[in-house]
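Down below is the structure, laid out as structure tokens.
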Amino acid sequence: MSKGRLEAFSDGVIAIIITIMVLELTIPHEAGLDALRPLIPKFLSYVLSFIYIGIYWNNHHHLLQAVRQINGSILWANMNLLFWLSLIPFTTGWMGENHFAAWPVALYGTVLLLTGFAYVILTRMLIIYQGADSTLAIAVGRDFKGKVSLVLYAVAIPLSFVNSWFAELLYVLVAAMWFIPDRRIEKALAG
Amino acid sequence: MSKGRLEAFSDGVIAIIITIMVLELTIPHEAGLDALRPLIPKFLSYVLSFIYIGIYWNNHHHLLQAVRQINGSILWANMNLLFWLSLIPFTTGWMGENHFAAWPVALYGTVLLLTGFAYVILTRMLIIYQGADSTLAIAVGRDFKGKVSLVLYAVAIPLSFVNSWFAELLYVLVAAMWFIPDRRIEKALAG
Amino acid sequence: MSKGRLEAFSDGVIAIIITIMVLELTIPHEAGLDALRPLIPKFLSYVLSFIYIGIYWNNHHHLLQAVRQINGSILWANMNLLFWLSLIPFTTGWMGENHFAAWPVALYGTVLLLTGFAYVILTRMLIIYQGADSTLAIAVGRDFKGKVSLVLYAVAIPLSFVNSWFAELLYVLVAAMWFIPDRRIEKALAG
Amino acid sequence: MSKGRLEAFSDGVIAIIITIMVLELTIPHEAGLDALRPLIPKFLSYVLSFIYIGIYWNNHHHLLQAVRQINGSILWANMNLLFWLSLIPFTTGWMGENHFAAWPVALYGTVLLLTGFAYVILTRMLIIYQGADSTLAIAVGRDFKGKVSLVLYAVAIPLSFVNSWFAELLYVLVAAMWFIPDRRIEKALAG
């Protein structure tokens, strides 16, 4: 089974997810600068989630580049990833709407954690199918960054109830860590 | 006529359908966990429909893999399938909004039944065009799973008025049955 | 300049146009069958526009199949077509919302007429670029169906103010006339 | 790293951005022609932004045609461009909703300016990666049109507070200047 349509479908879904988030920035009826002020938390949430979804798209792109063939389980592991990604516009909107209150920030992290798990599952499925000595398996290696991300999300979730800005800081940290595209695979493919 | 753009267009439409459903999860103005409670039925409907549309995308992917050429009738049979799929966000939303009441659950099943019929029609059109001794015709065979699904939907619709949870159970059952991608075609292509 | 991205972009825009129309079917808060009754005119408008946009996608698909290279003018002629197509969800919604009243039906026809003109312009641009003796030029020929459609729209617009159902009848007639994909190009390519 | 998925993803995002803007044209509950009058400024804003996004798509198309390989920085420079483009539906809606008042018109120009910068950054990244003697570098040259556009936006923003129609005039001027697709690259590729 070729990977072409899986990539095309994932691109479509991710493109829509990243774009519909902007619909949460409801257009004010007033023309003054003051009318934009209540949108600031929504805008900040949007920026963070745009970067996160951009990271997932980038990594997904890299991940599938090292792959030739896929099977049914991989299709569903990918669908699972898209499902959790599709909840990000909701958690982004709830977080922005409620000015980074504890519960919305915790839920935001929970969805990030589950999206991260879904990505790990997809990676594992791909490695199983490609073999433990494949380019992909070597490139992913022990997946240090992936594991650290999951730990940081897991720390951030309870932290939201102490101070939701600490949790946000951790989300920003994870994003910064991944902002650099996955050079491991690029290197392995080149080497 | 090549199948490339048919696949691309279908991927686009299905990607949008699966994603706009999430817009039904309206963002609560309150920050507490209680604010999420009314969304639970909508969320459950979303999960079920996400899986259904995922199944249709997977099967559509498999179906067209066994095909090389298409014609005008196939284009329209595919458009018919996309039309019924496009109604799923509406029936999903109505079902979630009204906590799985009888009429919404019956309409949900009706649209699933008509989507199922549209898929059968598309399959038949493809087989007619490919020939009765084609890989596709052999792979689809007597299409036992397809027929059982239609029967189960047809049973679920009146059952909604007895107890809508029985109907839901049947929808979940059909989804579970199809969750495994269509190995018949994979096997036939490999063999 | 290759046509690949033009097709991909057009597929994306048309896929979104055909799908967002369904968002006009607002989900009723009540669970009874009565709650669906006010949606009937919106649903009928949706069906008509779904078929129209399906026809445009089919014909666009056929048109570009007979083409290898494109230029900047063709890109903009295509963008012009997408612009008028993008107004169809609005006119569809207005027509359905107001139960096929005169002005909405006339506007619906006006947008169809301008979309039709945009399609004619795109076809002419492609023929100029391909040459008057190209497969495309021969296939399109005198474009009888295209011209009749424009005349029927032009008749339907004033007719909306006499009886909007007569206008609707003409819209259905044009759709029926185009429902059969453009066999002229298929034949010319095959012969 | 191949450019295929970058193009596909960008096409998807741009297609959605150009299409969701039309959702701002809220459907009137009345059937008369008067009901359309309040939509005129929204419609004009929509037309302007449709042309702008069309221009970006066209130029993006041309830009990437002259490119074979991409890297991680280019992926992010592209994501940055898509981010600013994704804000255009919001600024378009705000400008139309408030009948071209000073602040919305200034913000519209600010987002155009930042989108323009993002495009310049993407172009620079591509030239760095392709080399200063590449077809692309020669085609882009001193990028006179790009620089003039940025200057005109920068002039238009403060001008919005003097008379917002002067600012609009500049936006229309820049659009007109770019309406002609980037023949520099076409010529360089052909020559």
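Lettered A, B, C and D in written order, each chain numbered from 1.
In this text, a contact is a pair of C-beta atoms (placed from the backbone, for glycine too) under 8 Å apart; a residue touches a chain by one contact, two chains touch by 3 or more.
If you're wondering where the values come from, they're calculated on a predicted model, not measured in any experiment.
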For chain B placed onto chain C, the superposition rotation in degrees, Cα atoms, nearest 5: 90
Proportion of interface numbers common to chain A and chain B (over half same, under half different): different
Centre-of-Cα separation between chain D and chain C, whole angstrom: 26
Separation of mean Cα positions, chain C and chain A [Å, integer]: 37
Residues of chain B touching at least two other chains: 8, 12, 15-16, 20, 23
Chain B to chain C touching residues, read off their complex: 1-2, 5-6, 8-9, 12-13, 15-17, 20, 23-24, 71-72, 75-76, 79, 82-83, 86-87, 89-90, 93-94, 97-98, 101-104, 107
Contacting residues of chain A [partner chain D, same complex]: 7-8, 11-12, 14-16, 18-20, 22-23, 25, 27-33, 36, 47, 50, 54, 57-58, 61, 65, 179-181, 183, 186
